[in-house]
């Protein structure tokens, strides 16, 4: 449990944290905590009743995020955060549902759900902490691990080309796509806020340090050293062509907002379609309830 | 000899697990004994005290976990605070005297201190602290034959680091022998046949 | 409670088992369906998706069965009665998230219209060989409930039961249909909405600051709360305490896993439904479920004609198994005969329960067709003669 | 690239002052706040906290411009800043 | 046959159960590994991938467990001994393609380092609650082989046995390890390559025009053929005939499914390995497997000290279950005592087999830790006193 | 079984067909048979020993292809043809492995394997018959079903945007990407042949009629009517920007070869990497065997 | 009445399944009997003869599949060739006389022919061939009450097509009645109580 | 768009003649070959094959240019063409 100094007021984020679970499990200089700070700030700005926001995580170090945020929150199975969130959202369209999870969880084992949710434009916001590694299980190669980087399952260097996540998201139809590092706290917070406000499938990639496994195994120092590296190597390229956003080992990281476009969400498309088919016989799904609540 | 349970503990990066591994391996491979090593895993262990448990016995080890340590090696204050109570005031406690300043002996618990980090730093690599501790452990407990442990160190460390590590082992061992000599007689709780043979 | 009339197609219909299942779900108040097509279950999805827009609910065809099951769990937490439907291969894929549903104590219904297996097997032909999988298919210890209908009418009825049990016990309930029932068309009577009893999960009466999501209440089942109303609950597939927080300890494990199992086993009397016929003074008791319970009857009639005292037990609830009742009957009956369209699954449990008190004759069938009643008759006759190994 | 040292909006608005609060025992001494404070307000202290880390201390507390970078960067929710005497701002 | 020396790290090592498993696989000639990381099994993959480049083979970390299992089946058809390694959640995901392996009769090894379940459960702590899943986790009727090691040395040895059985019976073989064994480091003696017996699948001696891929040969197992050599075989997960062609008929189903089951059950005497100690004149027989077989011993010693006649059976092969031997012993023993780190799984089979001839005392443990031997001792004492419900 | 007219010589494709399984199960005017004809012609031209070619299918109408082709062939589980093929190929690099399956199989349930195999540049050729529907199970909506089209699970018209398959393949890293309709028999055959010859992950989409389900439910006539429609509406756009290749209901179909580029295959990358690490101690995987064979 | 088994068969698109469905529904919903319908599914059925099996009984139907049909309706040559042998020379066979030219009666098998397609074409929609057949079936077998079947047709066909379908039904029915009248006496093998009541 | 009627390479090479072989009982009468034969060589015959379909027949067999479109398009492997007296080509 957190021991507090006397007469220090409450940390403003505590309102949205499960303080009875702090300290969290993340290692010193891990970047996940910073991503959570930004997320809490974004939620704070977000003009949606907080009780109507739900957070869903899969399994992983990042997957523990749902366990620390004081909103309705679900820690599901590895790779299935997105379909769980899909159910949560579709069954109660009043909710704003955020998936907060790791690169392995969302893009490796969960890759199929990721591409299909983007395709359908399921109305959820996906925040992916990309630490280039499967951290929770001890540092195995992820589908984001840069070429040549070391991991416990690429002890001689990674020979598999990683995904460019903004490209993947955008090719599949995401309506909002951004990438920041965990150093870009303000811009990251803004992007999270924009994503929350965007109807449809929005995606925010957060490049963040895994100090214990990725950094140590690749002799990159601590999380602070990685932040310094991000400082020196990231380049803001709003609107960049998604095909140009690959990340090579310890090389430039292009960040920015890449995609912001309009497409009907899954529920909107359903409603439009049924309305056309059935006319007044059809009660638009989700809408009535919202009215009732109002 | 019946079962001796050893806990090695400290913080991540100190080579805690390796130290436990070398104890177990010395006993099992070059010491002619049985030795089972366990470690704590899990997310809750991230960034906090880490620890290895070694059970050494000259009979087959059946129950695989430690029940109550007979010997403890503590290399950090946090680890000491967390695990020392396990000894319940009995057995042997080995600490790095600079890192675990608060350590003190109790009724049936014998405390041995060594400035292992400093010795390691003097050898030029702070990282061999765990091997210094291993030497110290070997000398104090006499649980495992000195030559067995030394051979294990020699054959287990990365190529090119053998000399450094052996020096670290020897320093720790000698420091321990001297400390024992400076005592009237070792009066460890769990003195057993094998140890006497080794002595 | 009575059901929401919007989903109820009151009247007499000529429906197949799959369509009847969809109607049962709608009548039970199911308003969320996530699924992935697979023969011979797809017709359930097809009927649901064509009916749901005007009933007020939603349907999503997911990219696979993993996603379907996960979506069902999520949707149930959002407060909607939720279901998915599949057959063997998809059922295998759902196992991990069925475990999640069990661990998070999520009310939901999984329908498995069984076909011949293993693997792709006989996609369009009948089987009953996923019965043990229904009980043991996910890793770790947990209990579920499984029902098995023998006709389209029962498909309708039992699907409602399934939702009721799911809601009452916060557990995934399996409707273990079979292809024969799923694809067979018969008369189905759908009662007026007012005549359909449905259960709803018990919602907490505590305020958010008092409520803990995993405190066992009635029947060892914790009350639920509405998501989106400020309860700020947390639920996880990890071993957890009453707050729903992960606790990595053998004690927490002992508590949660035992309760998951106990809430079913200790309420077995409420959950177990069987039909019995002439069992009290029977020498031989035939036990069956699903389509096999029908195919068995001609054999029983034949045997009775020959003067044999044959009783019959039809399992409506297959899991939990009616252990108590069978133990009683094992004292009086000379033998049990159990045909199943598999090489021996539920019969293993029967054997275990009778514990040598009476003989057990299994009548296996590898699948693709139902038993020839003559084979069942033969087993009854053998049982009557007592000639078992 | 200097943009992170000086938050984009730093010179657009009137510079306020911040009061820095450090939850010492929650800190894991990562140094993020120290490194990225644009005003070099913070240094890691010599003492350990109960966890054995060196939490930051504000050595130039008066220079704090309430940019909240430290607050946002901190992965431990261990430091935050409140607005102090906004009248005296105007820098 | 003797093994290929390239993979054999002859000598005395101090290894944990996971690493020993990887060494066992390499020694057995495994040259293909597809896997997905999961605690507490990942170290097997890690060791395999660091060793394989110089041994001559390949490793691929797949995108998930579904892919891992499918890749293993494919690789085995290409002629390489193949394996994957996982724990509960991943095991659940592999079930569909384990069924495919069974149906296509593909030699392969699946290692499950069991942790506490259900669902995510206790990822870093011990469990033995996937034992029934190993047998029943995929849909349809099929049989597999499951072994359970109790030490790193056994992890090494049994992994070799597993490959040998896989090759001999063309079946997926499960090494049902547990976290305690996986993460425990002990001495492992790896013999010289010349001392390691390994089996290889029987390759057909027929020419492509004569050969049919599913004609049962020795032990009911069809011979294999090399892919890429003009045999132009077809293999499918559908019900198939001896040519491997799909045949949608109950007869074909009857034939194939019964053979899949028979090839294991009828060769049970060859497959079943148990260790017995003082069982012949025992009043009480304790049965255990995996880590529990070790934890049990202190309790047995204690009981013997007290004068009780306690025998011990350790299951090396858990599935198929040693039915024949237990039936014999059930005639002489007064009771069986079975501790498992689950709420009662393999003990159900034990109960079924003894069929009331003797009493069976289960000593359950929900997981996260091994039994306290005192609890097992208590059960032995109870058994000795005969006070069961 | 096929009844032959007297004195007719053998059909030249029979050599590569399992004639004991002909007639096949496909409906009259189904396009899958044509795709198979083209494939057989491509194999015929392909200068790789035929016994070293293996075909892997998943489950579906198209999934039955493996069962008709007289090469080593495997009919696996739904969605898992690609990982099965990956194992087959990696364990015996001498093989040329072709995955021949349907849009639902490869892109819906099998989507994750598809994107990761493309990313890794696994050396396999993937032929996808896109009939815009799950045919085998009776005509449900696929992730390729055009917006507004009817299917048994979109009885009121499809409201989910479909994937653009060439875009998905190319974003994930496929080295060869082409699309043709089953009417473009020569070009399709050429593309298949090029794909077979291309080391790495090559992808050929074949738009083909499902007459019984897709065409009938959408009142599009027979397969022949669909061929006529392809004739009128397809447009050859070699090298087109993959983002421009969406297919709307009964609208223009852009066909052509879109991607043809070089990237090291999975095995090449593995070998290069290990060679760098271990030098001569390392025997390149797969190569020795090939030499031995030679 | 005991169990009567009916096979309806033809090629895809002829409304074979619907015809079977309507027989079953007529019996079960408006005819006060039990009726179980089954169809052949499966890939092997693609594009070839398709068929529905209806079992009608006034007792509960237990065994769900057809064992040997009592009545067969064949609407295509291929289907006739494939399924006719099932009758084993017994029972009733109803065929479209233009589509199944080779049909001929056998010892105990009674054959009834109707130019159903032509009648349907005369009504303007070839597609109602199955309903014509249904009427013919109703008349010939007398298995199910005429009114029950007619009502089922009326309430089961798509809105707006009721008149056409009823006309088709009536045409088939009348054709059947006339055919029966032109015979001395109906001597179907499976004449049962219920049928006599209906007659 | 006419390119499919005339295969791309049709006018580049010297036109050979083909001999058409029809496996009548394998045909399902889809009409693909008839529709896309560039020389309108084929028509669907009046008679049924044993499966009940109308297989094609070559009504202008001499016009066949051995383009093999029919062979490739046929989904039933029911029609193919062999090269006939290549000498007489030269069209």
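Brief remarks follow.
Note that the chains take the letters A, B, C, D, E, F, G and H in the order they are written out, and that residue 1 is the start of every chain.
To be clear about the criterion, a contact is a pair of C-beta atoms (placed from the backbone, for glycine too) under 8 Å apart; a residue touches a chain by one contact, two chains touch by 3 or more.
Keep in mind that this is a model prediction, so the values were computed, not measured.
Between chain C and chain F, the least number of touch steps comes to 1.
Just count the C-beta contacts per chain pair and the biggest one is C-E. For the pair chain B and chain F, the distance between C-alpha centroids works out to 61 Å. Mean C-alpha position of chain A lies 44 Å from that of chain B.
Shown for chain C are the residues in touch with two or more other chains, namely 39, 53, 63-64, 66, 89, 96, 100, 104, 119-120, 123-125, 236-238, 248, 369. Of all residues in chain F, those that touch two or more other chains are 26-28, 59, 75, 77, 79, 108-109, 111-112, 116, 136, 143, 156, 266, 270, 274, 277-278.
Within chain H, residues 28, 51 each touch two or more of the remaining chains. By the touch rule above, chain B contacts chain E in their complex via residues 21, 24-25, 28-29, 34-39, 41-43, 61-65. Taken in their complex, chain F has these residues touching chain C: 59, 75, 77-79, 108-109, 111, 134, 136-138, 140-141, 143, 152-156. Within the complex formed with chain A, the residues of chain E that make contact are 36-39, 42, 45-46, 49-50, 53, 59, 61, 63-65, 89, 119-120. Against chain C, in their complex, chain A makes its touches with residues 18, 20-21, 50-52, 54, 56, 59, 66-67, 70-77, 79-80, 82-92, 94-95, 112-113, 116, 266-267, 270, 274, 277-278, 281-283, 285. By the touch criterion stated above, chain F contacts chain A in their complex at residues 108-109, 111-112, 115-116, 119-121, 143, 156-157, 159-164, 167-168, 171-173, 243, 263, 266, 269-270, 272-274, 276-278.
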